[in-house]
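So, here come the structures, one by one.
There are two complexes below, and they share subunit A, which is joined by subunit B in the first and by subunit C in the second.
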Partner chain A sequence: MTLRHRRILEGITRVRGMRGAMLVAADDGLVVAEALMEGIRGNALAALAASMVKRLGLAGVATGIGEVRFLHLQGAEGAMLVMPAPEEMVLVAVGEADVNVGLARLEMLQAVRGLT
Partner chain B sequence: MKPTRAVEPWILAPLERFVTESAARLTLVMTPSGQVLAQHGFTRAVDVMSAAALGAGIVASTGEIATMLKEPGFQALNHQGRRHGIFLAGFESPRGRLLALVVYGTDSSVGLVQLFFEELIAEIGEVTPVMPAPKAVLAADFEADLNQSLATLFQ
Partner chain C sequence: MADDVRAMTRELARDPDSLVFIPLGEELRRRGQLDMAAKVAASGIERHPNVADARDLYARVLIDAGNPAAAEDAWRMALRLEPRHAGAHKGMGFLLFQAGDLDGALDHLETALSADPTDATIVQALQTVRAAAEALADSPPPQERVFAGFDGGGAGVLLADERGLVLAGTAQDASGARTSDAVAAHVAGAAREAERTARLIGLGDWVSIAVEGPDGHLHLSRPTVESVLLVKRDRSVPPGRVALLAQRAAATARQWLEAGNL
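And then the complex of A and B:
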C-alpha cells in the first residue's frame, strides 16, 4: 500500500463509527489497499463489493438510471458504502449501523478526488 | 446451466456450491496426474481429458520452476484474458494433493473465484471419506477405470 493510498483511506476511517475502508480493483475484485479493523475479511469484502458494483451497474443500465455513483447497504449490524474510483477501482467503506453516512460519503468523495 | 458431475459423490455438493457462488463457467477437480474427480460445464469427454492433461502439465511445469527458484511451490496461477480468466491451483486434501482448474467469465472475477475456492477446499476437507487401501494398478484395469470415470462424468 502506498503512502498516498494510506492517507486517502485514513480520511475515511477517521469518521466516527467507521470500521475500515479499502480500495479494490473493480474487474478483479482484489484488494489494492486496505485499512480495516481486525475481524473484517478484506479479501471477501473486496470480491463481494466489486461483484455487487458490477451487477448493480448492469441493473443501472437495464433500468436506465445510469452508472453507479454511490451504494449504501444498510444492515442490522452495520453499513457498507461503495463508490467507484478512478483507475478502475472501487472504494469500499464499512461502518457501524449508526455511522454518519452523509459525512462518510463526503470523505469518500474527497478520497476519490485525491485519486484523480 | 450445464451439469456438475463427479466420479466420487462426496465431491459433488461442495463443487456445486462453488460453481454457484463463484459463477465459474468450467471447473475441473483432478489429481496431479490429471485423473478427473469432478467437472462442471464440459460437454465433451475429449475436452475434459485435454483440459485435465494441460492443467496437470502446467502445475508440473510451474512446480519445477519453483524448485529451480528454491521456492516452496506456487499455490495458484491466474491468467486473465479479455473475456475469460483461468484459475489453476493445487490444494491438500485427505485424499492427498488435488488440483482445480476454473474458467470464469466477465460475470465473475479472480477475487470471487479465490474467495469461494478457499471455501471449496475447506468443504472438501470436511466431507472427504477415509482413503481406501490402495490396490495394484493393472494395465487391463486402467482403460476400464478410465472409461468408467468418463461415463460417470458425462452420463
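And then the complex of A and C:
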C-alpha cells in the first residue's frame, strides 16, 4: 500500500462510525489497499463489493440511470459504501449502522479526487 | 300512480289468475315497496310458473333487495322458459358486468337488443359495457398496475422474486424500452450478493441498497424475504425522497403479496 493510498483511506476512516476502507480493483475484485478494523475479511469483501458494483451497473443501464457512481448497502447492524475510483478501482467503506452516510460520501468523493 | 296500484290491486283481487300482477309488482318495486313487490311476484309465479315475465319481475325485485344470486336464478329460469326474453338477458348482462365478465355481459345485452330493439336502456347498457371493455383492452395487465397510485403512475417500480422473475411493476431503460425481465434478474442477483456481503462483514440483515447514477437513483429493498423491490427515480428526486417512496411502495407490495398474488 502506498503512502498516498494510506492517507486517502485514513481520511475516510476518520469519519465517526467507520470501521474501515479499502481500494479494490474493479475488474477482478482484488484488494489494492486496505485500512480495515480487525475481523473484517478484506479479500472476500473486496470481491463482493466489486461484483455488486458490476451487477448494479447492469441494472443501472437497464433502468436508464447509467453506471454506478455511489452505492450504499444498509444493513441492520452496519453499512457498506462503494464509489468508483480512477484507474479501474472502487473505493469501499464499511461503517456502523448509524454512520453519517452524507459525510462519508463527501469524504469518499474527496478521496477519489485525490486519486485522480 | 296510487290510483293505478289500487286499480291493479282490485283487478287482481277480482281475478287472481290475472297477469296484472306483473305491472302491479313492477310499480311497487319502482316505489321501493320491495316486500310487497316480492309477495306479488312470488304469488304470481305460483299461479303462472311458466310465465317468463313473472320470473323477470321477481329477479328485478331481488336485485333491488340486494340478492343478486337469487336474482340470477330467477333470470336463468326466465331464459329456460323463454330463451330470447329481453328483460332476462338485460338482467344477466347487468349481473355479469357487475362480476367483471364483460364478454358475457356483451353477449346477453346483444341478445337482449336483438329481442327488443326499441329498449333504449339496453342500448345504453351496451354502450357502457363496450366502453368498459375498450378501456380494459387499452390498460396494462393487473400486475403492472400494482404501483399505479405512485407518482409517475408507478413507472420505475418493479417487484421481483428471489429467483429474478418479475412479480409486478415495470422498468424501462433510457430509450423507454421495456427492460423489466433484465432488471428483475440483476436486482435479484444484487440482493443475493448483498445478503452474502452483509453476513460476511457483520452488517446483519440487509435493509436497503441505494444506487446513485449520472441520470437517476435506484433504491432496492425487501418487502418480504422472498422478494426484492426496485424504485427508480431521475436525478431531480433527492435520494432521501426516493427512500421514502420506496418505503411506501414496499408497504403496497407487501399488501399485494399478502393478498395472495405471489
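Throughout what follows, the second predicted complex is superposed on the first by the 116 of 116 C-alpha atoms of A that agree within 3 Å, B and C clash if a C-alpha of one lies under 4 Å from a C-alpha of the other, contacts with A are read in each partner's own complex, and residues count from 1 in each chain.
Throughout what follows, contacts are C-beta pairs under 8 Å (C-beta built on N, C-alpha and C of every residue); 3 or more make two chains touch, one makes a residue touch a chain.
This one's a predicted model, so the numbers in the text were calculated from it and none came from an experiment.
In the superposition on chain A, contact of A:Leu30 is made with subunit B only, not with subunit C.
When both complexes are overlaid on chain A, the residue A:Glu10 reaches neither subunit B nor subunit C.
When the two complexes are superposed, the chain touching more residues of subunit A, out of subunit B and subunit C, is C. Applying the stated contact rule after C-alpha superposition, one finds that A:Leu71 touches subunit C and leaves subunit B untouched. When both complexes are overlaid on chain A, the residue A:Leu48 reaches subunit B and subunit C alike. Legend: residue contacts after superposition of the two complexes on their common chain; A:Asp98 is shown touching neither subunit B nor subunit C. Once chain A of one complex is fitted onto chain A of the other, the partner contacts of A:Glu88 are absent, as it touches neither subunit B nor subunit C.
Overlap of the subunit B and subunit C contact sets on subunit A: residues 44, 48, 51. The touching residues of subunit A, when paired with subunit C in their complex, are 39-41, 44-45, 48-49, 51-52, 55-56, 58-80, 94, 97. Residue ranges of subunit C in contact with subunit A, taken from their complex: 156, 171-175, 179, 182-183, 186-187, 189-190, 193-194, 196-198, 200-218, 230, 232, 234.
Per the touch definition, subunit B reaches subunit A in the complex via residues 80, 107-112, 114-115.
Interface residues of subunit A facing subunit B in the complex, by the touch rule stated above, are 24-25, 27-30, 43-44, 46-48, 50-51, 54.
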